[in-house]
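In the part that follows, the structures are each spelled out as structure tokens.
Shared chain: chain A. Partners: chain B in the first complex, chain C in the second.
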Partner chain A sequence: MKRYDLIVIGGGPAGLSAATEAAKHGLHPVVFDENARPGGQLFKQIHKFFGSKEHKAKIRGFQIGEELLEEAEKYGVEVCLNAAVIGLYPEKEVTVRIGEEVKHVKGDAVLVATGASENMVTFPGWTLPGVIGAGAAQTMMNLHHVKAGEKILMLGSGNVGLVVSFQLMQAGCEVVALVDAAKRVGGYGVHAAKVARLGVPFYLSHTIVEAEGSDCVTGVTIAQVDEKFQFIEGTKKHFDVDTICMAVGLSPMSQLLMQAGCKMEDTPGGCVPVCDASGATSVPGIYAAGDVSGIEEASSAMIEGRISGAVIAEYLGYITEEGKKARERELEEALEALRKGMFAPENRGKLLEKTEEGIDISMNLLEKGYVAEDEIERYPGVTHMAGVHPVMECTQNIPCNPCQDACAKGCISIGKNITSLPVVVPGAECIGCGMCVASCSGQAIFLVDEESEPGYGTVTLPYEFLPLPEAGEKGIALGRDGTKVCDCEVVSCKSAKAFDHTNLLTIKVPADMTMKARFYKKGAKFCQA
Partner chain B sequence: MVDIQEKLKEIGPFVPGAEDDLLICRCEEVTKGEIRKAVHEGIFTVEEMRRYLRNGMGLCQGQTCGRLVKGIMARELKVRPAEIEPATARAPMRPIEMRILAEDGGDRE
Partner chain C sequence: MEKRIMRHPILGDSPERKFVKFTYDGKTLEGYEGEPVAAALRAAGVMTHRYTAKKHEPRGVFCAIGRCTDCVMVVNGKPNVRTCITPLEEGMTVQTQYGASYEGGTTDEAI
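Take a look at the complex of A and B:
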């Protein structure tokens, strides 16, 4: 039987990171992945990631995937594709189906990084063609360049539902509504605001009554739910749609660990192995990293993988205990930073009413997806001054700070605490370069000149839609809620390599609209006001 | 050990529901009503349910319906989903053709 130092099951962000880390320390790992391409979900992620430099913030997910693959190759990690692991046994024997054969291999250590699968909710019509997972929609759009549908209803307001809704709109689909049975938006406020300003209505405390259609989805009815998630009579709303997307959470694919006899724990987030901080399970030599050990996101999965990789290197005698501890400390610090702020694991399901700075959280953001006009002025990134200056509509404490490094002039400060809200540094001079606008993964930074000429001002906003507007083009400016605030004219639309496909669109609006106009639509046909 | 007769008394008789025709396990076409009814026939664990109704025994191996079945059983039994004993995990973990599985010669090299 072929023997490996380390067998990694699953070539996503956690598995590849673990194998690379282990290979750096001299191990010969093999990665088995049942897919035709490695990288797991990373290659579907076309948005810029959050975090700090060390977490590869402001880099798009698929680019992080490419970097990871390059690194794995450099250190000689063997990646075996189209290889479905069908069994894992306590003595660390793995059976894997490759082509027409079942191979038996043995690892001195085994790391399970099989990730998670999408949850579904049921309603009459949920088995109709046209009801799909948000992940499936992402695969269709971003990997295969196929439109998932024309008119889509999204169920789920977590980060997956929000990010995929935005991407569907980018692909040219119409998202008619974003629905969630919960009372408040589950994902980052900045992701919600991006979707809301496109004019997508949010229906919180609502869920699907039924999907209509005989051969495929032709419509959907939603209704409001009470505290006990029972439908409230007289609240039904109907939408003509051809697609219903579900983004209602993920469940760890932990069956291999269960089969291997690892101690398991049934949590509200799914069945997960009981493991220590390094991912060591109750079976010596069997480890778990990434979503399979508890749902988080790709950035933390990559760090978890690296921690497991270092710990396995020590377990097998490739590095000393001191070496392992030093590496663990470094990585754990990075992981802790990601687990800070309002969306930290310990804050799940809690309603926070104030930011770390003691500012009231926008309730409108949580209930409707955008910060109301009477709320926005209380945040430190929102200031008024003469000339062009950044307006940072960042209102929740999330671990992210690329804006701070983006400004060469030092206009923006977050400080040592990565979750702090950004502030405009008094006295620093904004030259209007727009690097901050392009660097903000949440697309929450705007450059505003409240009076560029008598009676008029300009707003520069992040724009990731095609075709790009042209200078001189006339259109309408949309507010944070996606409704028309005024007519406007395009001053310029700048693209640069450093902006990484976030174009900077500058529009001219009446002076009193500079703090209201936050998105642009060509022509007036989208007018909803 | 759960006293099945006591538990059945506690949860009361099976009452038909409006959504009983809803498909839960798409691979093996098992409905919500069938699962609910099975609980009232004394099926209290996911493992037993799989053997009884074949839910979760199809192509996706319960990846989609597993959580749904557990939720339905928990509501019927008036317990938290985590209290329902999960199904055993066993190989083959992924669908595989019998001809390939039959050729599996163990660790011969």
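Take a look at the complex of A and C:
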């Protein structure tokens, strides 16, 4: 039986990070992954990540995946692909199917980083071809360059539902509605606002009655639900769609840990192993990291993996206890930062009414997906001054701060607390470079000149769609709710390597529209050529 | 309508790949070599991959990562092949699966 010092099950963000960390300390880990490519779901994530520099903020998921693979290779991590682990035993023995063969191997330590699988909800017609998981949509469009559908209804307003809706529009699909049985948007407000300003209507307190079609989806009916999630009569709405996308949460894939006899617990977030901060389970030498130990995000999964990697290195005698503790402290600090703010684990399911600064949270954002005009002025990133200046429509405390580093002129401040709302620094001079606009993972920063010429002003907005508008082109400006606010003209559309595919589109609008116009539309549809 | 994304605002131009021919229920189709069979079928507008044994209900791609097994088809004569993770090859035969076999097949085990 082949023996390894560390067997990592799952080559996603947590598993690769753990293996790399362990390899840095001298271990020779093997990573088994059932897929043909490593990286887990990272290669489908084409949006910029949140956090700070140490969390790889403002870098797109697939680029983080590439960095991770390079690092793993550099430290000699052995990644074994098309290798599905089918058994894990308390003695740290692993059975793995590679091709048609089942191999039996043993590890001095085993780290389970199998991630999670998508949840689903059932309704009449849910088994029809055309009803897909949000992950499937991402896989098809972002990995295989095939549209997930033409007209799509998204069920689920968590970050996955919001991010995938935006990505569907980027791929040239039409999202006809975003639906959630919950009363309020579950994901980041900035992600919701990005989708809402494209004109996608949000139906909160609604869910699917049925999917229509005999051989595949041809339509869908939704209806409003009451407090007990029962349909309210007379509230049905029909949409012609060919695809229904489900983004209704994830469940840890913890079966192997259960099989190994690890102590498990049932939580609202699924069945997870009982483990300490380092991922050590109740079975000595068996660890868990990433979504399998509780659903979070790729950013935290990577840090959790590194912590487990360092702890395993000490467990097997490769580093001293002091060395381990120092590394753990450093990583835990980074992890704690990510777990702060409105969306911190302890705030799950709670309705927060005020920001950390004591400002009322936009209820319109939570119920309709965008901040209302009479709410936006209360946030510290939204100020008025002569000349071009940043307007930061960042209204919730989330751990993210690339904007403050993006401005070379020091116009933007978040401060030490990574979840604070960005503030426009009084007296600092904006040169209109737009780096802040491109750096904001939530696409919530705009450059506004309230009066660039008599009667007119300009708005510079982040634009990640094709075809790129051309200078002089006439179109309409959309408000935060995605409806037309005025006619407008394209002044410029700038692309630069430093913007990383977030183009800066500047439009000229009537002066009284500069605080209203937040998106640009040429024709009647967003579809690319 | 074109189902392939030839230009993407973030991912750029779709990578150049080699076209190969395969058959779907006897009909010749084209797809890119190495892409999942399911992607080639989707691009050709095929939604139904199989029919269930008992109720004869259509099924198609659901998870697209090889987990749910809803997209299985008979590929090169072998049933229960997960088309979403099976790379397309020149000359492959892909057939709609009925229950656990191709239409008129002898395996009648329900799945």
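In this text, the second predicted complex is superposed on the first by the 522 of 529 C-alpha atoms of A that agree within 3 Å, B and C clash if a C-alpha of one lies under 4 Å from a C-alpha of the other, contacts with A are read in each partner's own complex, and residues count from 1 in each chain.
Note that in this section a contact is a pair of C-beta atoms (placed from the backbone, for glycine too) under 8 Å apart; a residue touches a chain by one contact, two chains touch by 3 or more.
Quick caveat: nothing in here was measured; it's all calculated off a predicted structure.
When both complexes are overlaid on chain A, the residue A:259 reaches chain B alone and has no touch with chain C.
Within the superposed three-chain model, A:117 lies in touch with chain B and with chain C [touch as defined at top]. By the touch criterion defined above, A:505 lies against neither chain B nor chain C after alignment on the C-alpha atoms of chain A. In the superposition on chain A, A:298 makes contact with neither chain B nor chain C. By the touch criterion defined above, A:34 reaches both chain B and chain C.
Contact with chain C, but none with chain B, is seen for A:144 once the two complexes are overlaid on the shared chain. Within the superposed three-chain model, A:270 lies in touch with chain B and out of touch with chain C [touch as defined at top]. Using the contact criterion defined above for the overlaid structures, shared-chain residue A:131 touches chain C, although it does not reach chain B. By the touch criterion defined above, A:513 reaches neither chain B nor chain C. Residue overlap on chain A between its contacts with chain B in one complex and with chain C in the other: 34, 117, 127.
Put simply, chain B touches chain A in their complex at residues 19, 22-24, 26, 32, 61, 63-68, 81-82, 86, 88-94, 96, 100-101, 103-104, 106-107, 109.
Interface residues of chain A facing chain B in the complex, by the touch rule stated above, are 1-2, 34, 84-88, 93, 95, 97, 100-102, 104, 117, 119-120, 122-124, 126-127, 251, 253, 255-256, 258-259, 264, 266-268, 270-271.
Considering their complex, residues 34-36, 46, 60, 117-118, 127-133, 135-136, 139-142, 144-147, 150, 170-172, 215-216, 464-466, 501, 503, 528-529 of chain A touch chain C. Per the touch definition, chain C reaches chain A in the complex via residues 1, 3-11, 14-15, 35-36, 39, 42-43, 47-49, 57-67, 70, 84-85, 87.
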